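To keep things simple, chains are lettered A, B, C and D as they appear, and every chain counts its residues starting from 1.
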Amino acid sequence: MTFTRTETMVVAGARALEGRRVCFVGIGLPNIAVALAQRTVAPGIELIYESGVYGSRPNRLPLSIGDPCLVTGSLAVMPMAELFQYYLQGGLVDVGFLGAAQIDRRGDLNTTVIGDDYHHPKVRLPGSGGACDIAQNAREVIVLMRQSRRSFVDTVDFRTSPGSRVARVITDLGVYTVGERLELTALHPGVTLDEVRAATGWDLDLAPGVTETPPPTAEELRILREELDPERIYLR
Amino acid sequence: MSKLLPMDEAVAGLVHDGDTVAIEGFTHLISFAAGHEIIRQGRRDLTLCRLTPDVIYDQMIGAGVARKLVFSWLGNPGAGSLHAIRRLVEGPGFEVEEYSHFGMVGRYAAGAAKLPFYPLRSFEGSDLPSVNPNIRTVASPFDGEEVYAVPPLNPDVTIVHAQRADVHGNTQAWGLLGCQKEAAFAARRVIVVAEEIVPESVIRADPNRVLLPGLIVDAVVHCPRGAHPSFAQGHYDRDNRFYLAWEHISRDPQRLSAWLDEWIHGTSDHAGYLAKLGEAHWDDLLPGPALSGEVDYGDHR
Amino acid sequence: MSKLLPMDEAVAGLVHDGDTVAIEGFTHLISFAAGHEIIRQGRRDLTLCRLTPDVIYDQMIGAGVARKLVFSWLGNPGAGSLHAIRRLVEGPGFEVEEYSHFGMVGRYAAGAAKLPFYPLRSFEGSDLPSVNPNIRTVASPFDGEEVYAVPPLNPDVTIVHAQRADVHGNTQAWGLLGCQKEAAFAARRVIVVAEEIVPESVIRADPNRVLLPGLIVDAVVHCPRGAHPSFAQGHYDRDNRFYLAWEHISRDPQRLSAWLDEWIHGTSDHAGYLAKLGEAHWDDLLPGPALSGEVDYGDHR
Amino acid sequence: MTFTRTETMVVAGARALEGRRVCFVGIGLPNIAVALAQRTVAPGIELIYESGVYGSRPNRLPLSIGDPCLVTGSLAVMPMAELFQYYLQGGLVDVGFLGAAQIDRRGDLNTTVIGDDYHHPKVRLPGSGGACDIAQNAREVIVLMRQSRRSFVDTVDFRTSPGSRVARVITDLGVYTVGERLELTALHPGVTLDEVRAATGWDLDLAPGVTETPPPTAEELRILREELDPERIYLR
């Protein structure tokens, strides 16, 4: 069965949620990864969104973290002030699931600007949203993002969110654990170490015994392609 | 005394050049209709505040109503970028002031509670405090621990869209509540825009459902579908095709200008905008029912 | 996984000698049944926290379960005094820590939000800060203005009575909410006591009505009329005759002791207490209906 | 028509609310005075209670500030945190209506202890409740209390709530305005100046031109006695 690297990335993201109780779902790719996790390895996981919803059971794949399908049938909808204060800052979130435009070897994340001068950026990105808040208050953080020399940089142009609680990074090429710095622990099927090195803006560290990510199963791919994203909104 | 006004009178009377304005609503209940009327009336030099500027502020800023933006996430959610704003931000002269979501929520909350600052755990290890002098630290008077703090934000006017209100401005909403309540209590003036105007008895039947009391509301505008292309839980879905289309309209200044001419300046009010959109446009945006059930408050006498 | 437990097991497992305990509920939804069970099980050395200690803490403190009281208004509302507590407070050895209501609310809110302090405008010109070193000032890092601050309060266990919950502890309440939410989020352990256990689908039909998520709840106890003699909006009224009678019971240590022997130690659980009270007792305490009406969340798919 | 001094006090309290928009109702006697005001001089006044209710229209006289009759049919019920932060501290309350056990010539209020030693009081009173919060955050404060040498003292034994915003004091003997200190502005019908002096623990100040409180009208008394408090709970 053939599959894309984006599919492998999303599947690896979903699998990383096994055993988690409460996941704070960031903007973008994390949305589809948690939807897959709810249908596979983590049926009991409760999802929390910065829009002010806890315990969503969406009837369709949400188009954004503020989709009305996240509200209907959820366990709790509340002012954002309550969610940020009592759920997130209160320490109830096991894992925050974030994307980013840039990450560096320390796990610091940039979603603010490309370029050295904040006031005259080369590219203006969306900014923090809840990312900086999640990065400091979730017990740990998993990052899901596409990897390239432009996104995996030696030092981020702007540190939007600190890497202090980033525990794992999952890309379309492989999986990293993060202590003091990123270490490659698994390569996705068909990806070579040279390819990863070419897509990393620093001298890559390897964990002892780099493995291969088990490929997406037929069932995982069926859920992704038929149930969750038939229009390829996230999987494009 | 009724506070019911047509949108044009509410905006003319309560939104002035140079004002600090918040049209809040987190993806949900964004008063596009009020933003459009502000464009029609040609307001200038506004300071616009919103966690997520969204397409509405891209339209307003593209139309030239603002000189400054206070925000925490600048994107077209799920669809791309806000190009009119980006063109200004990437160039000189347009001012921005940037927080995280929690930071913005805290600013409104401090404004609503009349506090000189709001303490929160965020920003540690982030570069945001180095580019925004309004993000500082404060030490606990008990154990000396330092946390971050943001200052109050008190808009001159906050505009809130909701599912229902009475003519006095008593307002109820359900689904995502964003920081509509905090932004309204923090404001000097409040405009409520409602899908439905209901008798006061409907509000009084379920007082725990209140979003805002009429006490803080200056004008109530009846404007069904006034949140389009954003959504109103239980009333209509997000018009995602429009959000996707905006990516292309906004990218090209000439297309943006043509869009404003056709849809905003070319319509006299939101009824005109809706007529142009056509009733068939709503065919796949209207959800089936999902009722809340009732609770019993008891006739305690 | 169900968290449903009988009251005796919930209290035995989750409330320990020496704990800091909050049974909250502002006049409304006070879990007398849980307080009674704590008396039956002979807990000792508790630090009891409540804005208004009310008759329930007079009973508990009269029964000897506590060594300290943290509070903001010490009376029998509308009926007189709390004599068991007053006898201890007016004598030596019993510790009290006293705030205003806003101060207590702020302590729970800081506890729930994991903040090292909560800023508020109160206590200026009051003698309370001079007798309570936990009321201090903090200066704004923006304009230097000083406001007062209180430290977080994190009970070992908070007990919340509510109209309904599911077996996972997802809890909804209406009418007066007091600071039940803040006290529960601030606590290390939470017991929910509910008038009704409902299917999860009832909760999910109206998610804006949530008081607490099951996430923070350790045990759910089904205990109809467990708030007597306080009230449950829409279920039963306050038993004011009991509050008036308590003034006389509590004034006399021997009568108090006899009352505890008869009504608490002499009953094995709340069902026994209710049986002793008799069904006719409720004749004029049950309100007529006053329904909330429904809202539509929409089946957005 | 005969009437008691308590009735005159409550009627004077109600009349003082004419033209007010939002009244924060404290524990005790203020409850019946606002109920009378809603039925006479201030039909549009909105009542707010520390229990978390705004805009009550009770179908009976509330037995306490947390009576369920205050909730049913009100405009807004909310967590106390919201009420104290956004309504009270937010500056939306025109007038706070309080009772007290002691007041002194500066208008400072004591509801905490009788006796010099807080830690070993002669009498332990209820304490602040919301009074200290209201006294600092309502735009102005009206005090309603019975007057005697024990309640009108030179200096309160304990300053629970500051007198800085106390504007008027209404007792069973007369009415006072408060600037720097209390000044008697009106005597209730049948009350003499000597009687007031005997019930005041300091050297009484008189406003220029002390008047007499207009006696309760037949309608005011009818509402009090027949509609509001037929069982004489507040009017005892």
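Everything that follows uses one rule, which is that contacts are C-beta pairs under 8 Å (C-beta built on N, C-alpha and C of every residue); 3 or more make two chains touch, one makes a residue touch a chain.
Everything numeric here is computed off the predicted structure, so don't read it as measured data.
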item	value
Chain pair with more C-beta contacts, C-D versus B-D	C-D
Chain A and chain D: spacing of chain centres that average the CA atoms, whole Å	58
Approximate Å spacing (C-alpha centroids) for the pair chain B, chain D	40
Centre-to-centre distance between chain D and chain C (centres being mean Cα positions), rounded to whole Å	28
Whole-Å gap separating chain B and chain C, where each centre is the average of the chain's CA atoms	37
Where chain B touches two or more other chains at once, by residue number	109, 114-115, 120-121, 174-175, 177, 181-182, 205, 208, 233, 237, 287, 290, 297-301
Multi-chain contact residues (two or more partners), chain A	53, 67-68, 71-73, 77-78, 89
Category of the chain touch graph - line, ring, star, complete, other	other
Chain pairs in mutual contact under the definition given at the outset	A-B, A-C, B-C, B-D, C-D
Of all residues in chain A, those that touch chain B in their complex	27, 50-53, 63-68, 71-73, 77-81, 84, 88-89, 108, 112, 118-133, 136-137, 158-164, 233
In the complex with chain C, residue positions of chain A that touch it	21-22, 46, 53-55, 57, 59-60, 67-69, 71-78, 85-86, 89-92
Chain C to chain A touching residues, read off their complex	109, 112-115, 170, 181-182, 185, 203-205, 207-208, 210, 213-216, 297-301
Of all residues in chain B, those that touch chain A in their complex	26-28, 51-52, 71-75, 77-78, 86, 89-90, 92, 98-103, 105-106, 109, 120-128, 131, 174-179, 181-182, 231, 233, 237-238, 240, 287, 290
Residue ranges of chain B in contact with chain C within the complex	114-117, 119-121, 134, 136-143, 145, 147, 149, 151, 163, 172, 174-175, 177, 202, 205-206, 208-209, 233-235, 237, 287-301
